[in-house]
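For reference, chains read A, B, C and D in written order, and residue numbers begin at 1 within each chain.
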Amino acid sequence: MDDIVLGPTHYGKAEVRVVHVAKNSDEHSVRDLNVSISLSGDQAETHLSGDNAKVLTTDAQRNAVYALAADHGISSPESFAGLLAKHFLATCPFISHARVAVDEYAWARIPGATSRHSFLRLGQETRTTLVHADVDGTESVISGLKDLVVLNSTGSEFHGFYQDPYTTLPETTDRVLATAVDARWLHETPAEDWDESYARARSALLTAFADTYSFSLQQTLYAMGEHLLRTDPQLAEVRLALPNRHHFAFDLTPFGKKNDNEVFYAADRPYGLIEGTVRRSAAAPASDRAWD
Amino acid sequence: MDDIVLGPTHYGKAEVRVVHVAKNSDEHSVRDLNVSISLSGDQAETHLSGDNAKVLTTDAQRNAVYALAADHGISSPESFAGLLAKHFLATCPFISHARVAVDEYAWARIPGATSRHSFLRLGQETRTTLVHADVDGTESVISGLKDLVVLNSTGSEFHGFYQDPYTTLPETTDRVLATAVDARWLHETPAEDWDESYARARSALLTAFADTYSFSLQQTLYAMGEHLLRTDPQLAEVRLALPNRHHFAFDLTPFGKKNDNEVFYAADRPYGLIEGTVRRSAAAPASDRAWD
Amino acid sequence: MDDIVLGPTHYGKAEVRVVHVAKNSDEHSVRDLNVSISLSGDQAETHLSGDNAKVLTTDAQRNAVYALAADHGISSPESFAGLLAKHFLATCPFISHARVAVDEYAWARIPGATSRHSFLRLGQETRTTLVHADVDGTESVISGLKDLVVLNSTGSEFHGFYQDPYTTLPETTDRVLATAVDARWLHETPAEDWDESYARARSALLTAFADTYSFSLQQTLYAMGEHLLRTDPQLAEVRLALPNRHHFAFDLTPFGKKNDNEVFYAADRPYGLIEGTVRRSAAAPASDRAWD
Amino acid sequence: MDDIVLGPTHYGKAEVRVVHVAKNSDEHSVRDLNVSISLSGDQAETHLSGDNAKVLTTDAQRNAVYALAADHGISSPESFAGLLAKHFLATCPFISHARVAVDEYAWARIPGATSRHSFLRLGQETRTTLVHADVDGTESVISGLKDLVVLNSTGSEFHGFYQDPYTTLPETTDRVLATAVDARWLHETPAEDWDESYARARSALLTAFADTYSFSLQQTLYAMGEHLLRTDPQLAEVRLALPNRHHFAFDLTPFGKKNDNEVFYAADRPYGLIEGTVRRSAAAPASDRAWD
């Protein structure tokens, strides 16, 4: 008989917004996170019969975020995500796997203020973390960033591409190259200082984007990944998604003007999207699950 | 030596907005799609050296969307996505895999108008499609919907859950249950009429949500998946993601009033998120890639 | 001396999300509102010295929304907004003016369900209301809608326009005309049934859009406003903002194809924006404040 | 007879995304604007009869943005908006009033890069400008910013407020005060250097927020406005809208923990919204239209 069965499930509290203020002497510091928890394990009963004995409420999961922040502070998104993941495995015998994803928003002190407790949200990229932890002790940590918007106003060409019947794009030896970097990197071993590790990675991505003379966004993607891995030997793999934020030179010829690549129309949609992985060949291949 | 290598890549044009008007006699009809293409294959050169001879520009991919819509019309998102995927495999010898994702926005005729060419965007759920096609002829088709917002104002209980030290949620025998349904289902065999198949699936999800007396959102999830598979024997598997759109009964006791579950605060964040799979045990397991 | 002074101020709680379930016998009904309150009056002290004796907390304003919903239910956004506005004037001697804005999201019963307590969010336009009330008893009520997306696939021309040196747009005798209607109308006298009044207005706007043969979106705007005022003699004025949701016929000539106005690219930005007022000449002119 | 007439109208191209790269020697610089144009004048015919002889197409308006950027560059959003406004008045005899609104997104050089043509979008506040120009030569210029998110982790009290029956908020002598500053200021005379003027205003707002010990957000609003006017004698008036981005100390007492104002829940909705004007009493009152 053709039976219907329950497949894999997971559940948890998403988007828990926790802000922690560390109050050391007169100088405060702030960490601002958006935490999403996802647990899995022996969960069939609540699906099949509505028996909730093995359901840790998502409300309790949210409470744990705030309680652990109070007990331990937030030294980095990676360490806090790991702390949370292990907490759920330790306290819920029916949970065998925890996934904790964190977005962090950066704040800086307000320049020029005498106050040491006043902050300005930077508003650039969002720092991301994804931790997977199993009840058997296996753990993976991925760090990353998203929405880091960068632009090269020259130093980018695009030509020699395949010509199919629908190819109309003119070749160019000088174009604007802009993207919103979405990058994630897998740590082979834990960083000693997660914040320093992040700063180094971010800087590597930025300088590789800036200083690569580009013949395609694909080439820039590989250069960014390679430079990141060369910069930090503890990283095993980096995955990049680079939307091509097209800046089209606006056609001024109908008005008898020439556009020497100075005036651009920044388009919204559609956009090219280049995705790729760069990895260390000697690294043990990570499970795909680590990235999901 | 610890070498750095290129891993999997894919690229394509994302969010191509195509609207097709079929003009039959005096009565027009409209299909409104957002198409995202992602191709993979022999792409190492553009990444490593910037040689673009095997790059079909994303601009040409966009052009193909409009050209194929002109040649064939759009009879359904599934058939159009399949047409596009096979087109890229057929015309680009260096492409071995095509992934085409489509969002469709629904329009209806304007009620009360005499015009037969006037439409109102419905604004409810977005219909989704994901087609994967390989150069060897393998093809998978997933249909789905997202942002279908539903609510039961009673008929939902939640109690008997696990009590850890952070559990403070009161048990309840009457709550509002609301969610924004995100569902996707894998076709074991192609539908004869994709629109009819979609309408049947949507209806199955809606009635299962409405008519299941619920002891947990997990239970409702399974009931929706099971009902969908029972309704359409051509479906192999359904994956559901149900955010719990919390409606909290507002506490009126400080003002000496009782709230008989009539006045609710609709919260934004955080929210519970229940995700699960329901499948036919006899079905051949699909590759994970079909769903990505 | 050049002194610096406090000018006009107002304050209040914004975006209070209240959902009211009316439970009559076996059949429930739902109203789902987003309420924003703004109060003004004798407020100088809190600005100048931080003395809050004349500050009704925005927290208390939020509480009032839920308490009044519990006491009176929500028969319409207009009546509920009026109730709230008068409540604040009655209870706070230092408040001389209340402004209450309401967005309402529409729900319908789930089709095909046996349950009488199951609902589907329609997702089309948002119904809007803006009530201003003064302590002297003056009150104005504006009803409206936004994000009602409509499209005529023919029946629209655009030509004969002014030619300046930057004019390159070709003239056309057949184009798609699409917009997201944002309309607001001022009631000269209160409606007897606000829901019926709304339904009539919405229908008038829709049919005028559909059945006006258009030579410019400006012409369609006036036709919609005029038809609305002719339909309901209690309305004094209507203000419309119509973004031109451009649908450009995609140029297929590079591929040797003709596009008989069947395949369109739906553009995001930029867009034309047409705004205008249609009013009854005999109506007393409303203060501009009523619309803000 | 009760006649229906056309009231005020305006129209134009909204959200024209123009990026200008100034290429001086080896060092490029970038200005990134979103321009919205709105024109009014003798426009009755297109509304009433569809005669478009006095319609400058919004397409031509868009073209003018790019053409003027090519001819003149973009030295500041204020000067570019003024240039555009006067351009439309000069070239269209039927246009008597032009309104140009500009949002500017800030970019900085990528730190650590050797390239002098590589930029990072800052992502903080958006700089805004609003210029109104009449055919008689009258012109007003408003500068501003929005989405500047700031937070004081202490130095804020809130107590002594009015107690109505719905007041339940506890009084506090230590709370987080956070907001997303939306500020606009009217120039009585044009600035000599608009960028320097903006930098000075932004800095004044930031330091006043940081260094004001606050008994209410209302008090902080006035302090910010007053400090801005004291800093720049060329400004006549400032209008501020400050949403109270509530950070609630999370209640840890159910878990036997104390929260010494270190762990906060950052709430989304609802939020208090404080709006007010601070002005120079000797300044000629600006028309309300200047601000719309």
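One rule holds in what follows: a contact is a pair of C-beta atoms (placed from the backbone, for glycine too) under 8 Å apart; a residue touches a chain by one contact, two chains touch by 3 or more.
Worth saying up front: this structure is predicted, and the values here are computed from it rather than measured.
Distance from the centre of chain A peaks at C, each centre being the average of the chain's Cα atoms. Over half of the residue numbers found at the chain A and chain B interface occur in both copies, marking it as a same-residue contact.
Looking at A-C and C-D, the interface holding more C-beta pairs in contact is that of C-D. More than half of the contact pairs of A-D, counted by residue number, reappear in one of B-D, B-C or A-C; that pair is B-C. Centre-to-centre, using mean CA coordinates, chain B is 30 Å away from chain C. We define each chain's centre as the mean of its Cα atoms; on that basis chain A and chain C are separated by 38 Å.
Chain C and chain D have Cα centroids lying 23 Å from one another. The set of chain A residues that touch two or more partner chains comprises 17, 63, 67, 165-166, 168, 254-255, 268-269.
A complete topology is adopted by the chain contact network, contact being made between every pair of chains. By the touch criterion given at the top, residues 17-23, 28, 30, 32, 63, 66-67, 69-71, 107, 110-115, 117-125, 147-155, 176, 203, 206-207, 209-211, 247, 250, 252, 254-255, 257, 259-268 of chain B touch chain C in their complex. Those residues of chain A whose C-beta lies close enough to touch chain B in the complex are 2-17, 36, 38, 43, 46-64, 67, 91-92, 94, 158-162, 164-169, 214-216, 218-219, 221-222, 225-226, 229-230, 233, 237, 243-244, 269-282, 288. For chain B in complex with chain D, the touching residues are 165-166, 168, 254-255, 268-269.
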